[in-house]
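This is the structure, below, for whatever I ask next.
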Amino acid sequence: MIAPLRALRRPQGAVAGLWLILVICAALFAPLLTPYAYDIQNLPNAYQPASAQHWLGTDEFGRDLLTRLIYGARTSLSVSATAISISVFCGMVLGASAAWFGGWLDRIVTMTVDLTWSFPEILIALILVAIIGPGTTGVMIAISVAYLAQFTRLTRAQIMTLKGETFIEAARSLGAGNAHLLFRHLLPNALAPVLVSAMLATGDAIILEATLGFFGLGAQPPVPSWGGMMSAGSALVFKAPWVIIFPGLAVAITVVAINLYGDALIAELDIRSRLRREA
Amino acid sequence: MLSWLVKRLLMLVPVFLAVSVVIFSILHFIPGDPIDNLLKIGSSPEARAEVEARYGLDKPLPVQYGIWLGNVLTGDLGTAIVARRPVADLIAQALPHSLRLGGLALLFSTVVGVTLGVVAALLRDRWPDRAIMGGVLLGSTMPSFWLGLILILIFSVSLGWFPVSGARGWESLVLPVLTIGLGGTALVARITRVSMIEASGRDFVMLLHAKGLSPLRIQLRHVLRHALIPVVTILALRIGWILGGAVTVEVVFARPGLGTLLIKSLSQHDYPVVQACLLMLAMAVILGTLLGDILQALMDPRVRAALS
Amino acid sequence: MTALLKLDDISVSIGNLGLLDRISLSVGRGQVVGLVGESGSGKSLTAMAAIGLLPLIGGRVTKGTVRFDGQDMAAMTETQRRKLRGARIGFVTQNPMTALDPVQRIGEQVDVVSRLHLGLSRADARARTLDLLTRLRIPEAGAVVDAWPHQLSGGMKQRIVIAMALAGDPDLIIADEPTTALDVTVQAQIIQILGSLVRERGVALLLITHDMGVVAQVCDRVAVLYAGRLAEEGPVGPIFAAPAHPYTAALIGCIPQDGMAKGSLTGIPGAVPSAAAFPAGCRFHPRCPRASDLCRNTPPMIVHRTAGQVACHHPGEAE
């Protein structure tokens, strides 16, 4: 059985995996699951606490909070996951070519990565969103650039260690070309640690997306995102605290679940030492 | 050691230059023209050119950069376009607030994080370890602005212990420090625990046991001393993260500081102020790496030997 | 007279893996006993069992007793056992390069033993340390105490480790391959210093080594371990004259001569099996020239003879 499924057999992996499956399904099938529309305003119905009609209450426009939370999962998950995918792809290409070709390319990549790596992602993302402009596309690009350094670094380190291994030497002596070595031997071997750390980074990206959303830079109203909901909620914190409590809980629980499942996966794949080398 | 320090300081010069180029050029990609804010709607092109000349925006970019860098190095950070005051004044006002907040948060994360990490490592795989590591995981997954708002809800709104916002008196610092500090605590506790456990398995620890020292003394005087080396190094590297946390938390608590200033100037497209804020944050990050290297050398004689 | 250290029929496991099987061994006061075997035979584990530090590596004694000066170690509290370590049993580790705390000065690392166990003041402890270092023929002891471990050579570090072992004025020193990690020229020096110091002070020594030459040079008795079991044990003279166990004979047959690679046992083809794959019967049979069907199926009993013990179905036969 493959590792992601085996990780589900560990108790913490099972609980975390279940939550993640739930959230992903909610995001995918949002229109089928929600009793209300996310953007229909019902002003007389505003600021309702939790009730039988509105399980999590309503916001300042009388919109159903559970509905918006489920649609919010759609935005938050898709933006974070897409951003990290872009980041992983570019990071792997950059890191692998830096490690493989060495020389001035490696020096430039390493220096740039080291420099950006010590800057907090939130700052990098804030500046980039300011350049690109707010909205989901801007946030997506900003997040992917913010995490680029991490994946470039990790891929580069993996390839560097693999480069010295005998099976690579053997393949090279048999006349394998650069492309063949990189795509058939090196990258597949570096893949597991990079993908697992990508998964953990998706958790961080969800927080980052929420933070940008909180500053009003994410998905623009009326499209709900978890960060955007909290942005609106922060003004209502005294009047209707539930508007901010539930999206925050959704973020925290989802990120905890990603971390727990990631831990189970790391244990299952037995790659803790390969990840730690780069911590 | 001294010659190393001089060399290390000289190495900062190109890093600083690279960072300054990046900061300077990035901001010229930000859309939205700050000059618009200064002109009345429908102003003549002549009036516009006049304002541009006043702020030096009519010259080619490399020249603008040269002038800017020269001014920065002499302590002149320019004039804020919106506030129409020297940027240095704005920074001088904001910086102490951020330093106080960041410093206290750093102190809090270090003390609490190391303590929790040590307890978790000593009671490894028993319930206190699981409880601490569980709490730590939770602490690192909550968005800091949300945590801040929840703390306000509990301690300011419900209990009325601390003020909701502002920067008057020490009470106003408690919740912001806690908000940033909890995230840092999680990081420190995790690193401390892992490096304690790693250090416990080292050969020399076995010999300390064979010498008849008590396990607690071995853990606290020897193992912890080793575990602290990576903790300090990583913390110094993460000074940027703590300041990054300060940015959001300052906004949540409506405190004056670099973060509030940065966010406000970003939305107003006030280049000179944004540049100065970023420069300050970048300096903090660069100095953090330097501090990390120095502390590591102070704590580990082998590193000192390698340096001289 | 009771033996100073007596391992009585002990078995040791880590997890579910049985690593030592029914080993008996004793060290008398002032006696020098060699514990010999290739890597993986269980020598270090025996040493850990003797000072009660098995829990550090997740191991435990599952059968038998370890007695120090007549007292059962298992019956003591951990605090009592701790008072033995350093005070009555000194320990010298295999690799001096990693044995010292890299961020503490040499002097303090030695001082702590006599301060803790002999109750000496800071100044007295330092005087004692300087005296010990001088006896160990460390040049410029006054400067060495203020040095950091990384500033010393391997041979120097091992002398420091020996000084730490002696600082508490112990009755017994357990030295786990004290010279393996050192250069050949330094090896002889260290063995000589160790041997003469224990003789001079009447300290007993359990010397773990894979080198029969060293045993012949300094030991009174020798115990040979193979794959977690005792092969043969007894006084050095008779055993070297007429080894009963073929493994002992093979070890004696390959005492390293000048020019041979460190630690190589050219005389015995094959390697010690891992604990997960111990063969049935006598564990030495796959490598034994005398192996019979009996050896392949039945583990040999330990036979006590006048001066020692041997576990072999075909003891002392000519090859």
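The letters A, B and C name the chains in turn, as written, and every chain counts its residues from 1.
The definition used in the following text is that a residue touches a chain if its C-beta (ideal position, glycine included) is under 8 Å from a C-beta of that chain, and two chains touch if they have at least 3 such contacts.
None of these values were measured; they are calculated from a predicted model.
Participant: Quick check: which two chains are joined by the most contacting C-beta pairs?
Facilitator: Answer by contact count: the chains A-B.
Participant: Quick one: point me to the chain whose Cα centre is farthest from that of subunit B.
Facilitator: Most remote chain from subunit B, centroid-wise, comes out as C.
Participant: How many angstrom between the C-alpha centroids of subunit C and subunit B?
Facilitator: 53
Participant: Taking each chain's centre as the mean position of its Cα atoms, how many Å separate subunit A from subunit B?
Facilitator: Each chain reduced to its C-alpha mean, subunit A and subunit B end up 23 Å apart.
Participant: Take the average of all CA coordinates in subunit A, do the same for subunit C, and state the distance between these two points in whole angstrom.
Facilitator: The computed centroid separation for subunit A versus subunit C comes out at 55 Å.
Participant: Any idea which subunit B residues touch subunit A in the complex?
Facilitator: 15, 18-19, 26, 29-31, 137-138, 141-147, 149-150, 152-153, 157, 194, 237, 240-241, 243-245, 247-248, 251-252, 262-263, 266, 278, 281-282, 285, 288-289
Participant: Hey, which residues of subunit B end up touching subunit C in the complex?
Facilitator: Residues of subunit B touching subunit C: 202-204, 206-214, 222, 225-226, 299-302, 305.
Participant: Along subunit C, where are the residues that touch subunit B in the complex?
Facilitator: 51, 53, 56, 82-87, 89-91, 93, 95, 98-104, 112-113, 116-117, 148, 150-151, 161, 164, 168
Participant: Within their complex, state which residues of subunit A touch subunit B.
Facilitator: Interface residues on subunit A, with respect to subunit B: 111, 115, 118-123, 126-127, 130-131, 133, 203, 207, 210-211, 214-215, 227, 230, 233-234, 237-238, 241, 244-245, 247-248, 251-252, 255-256, 259-260, 276.
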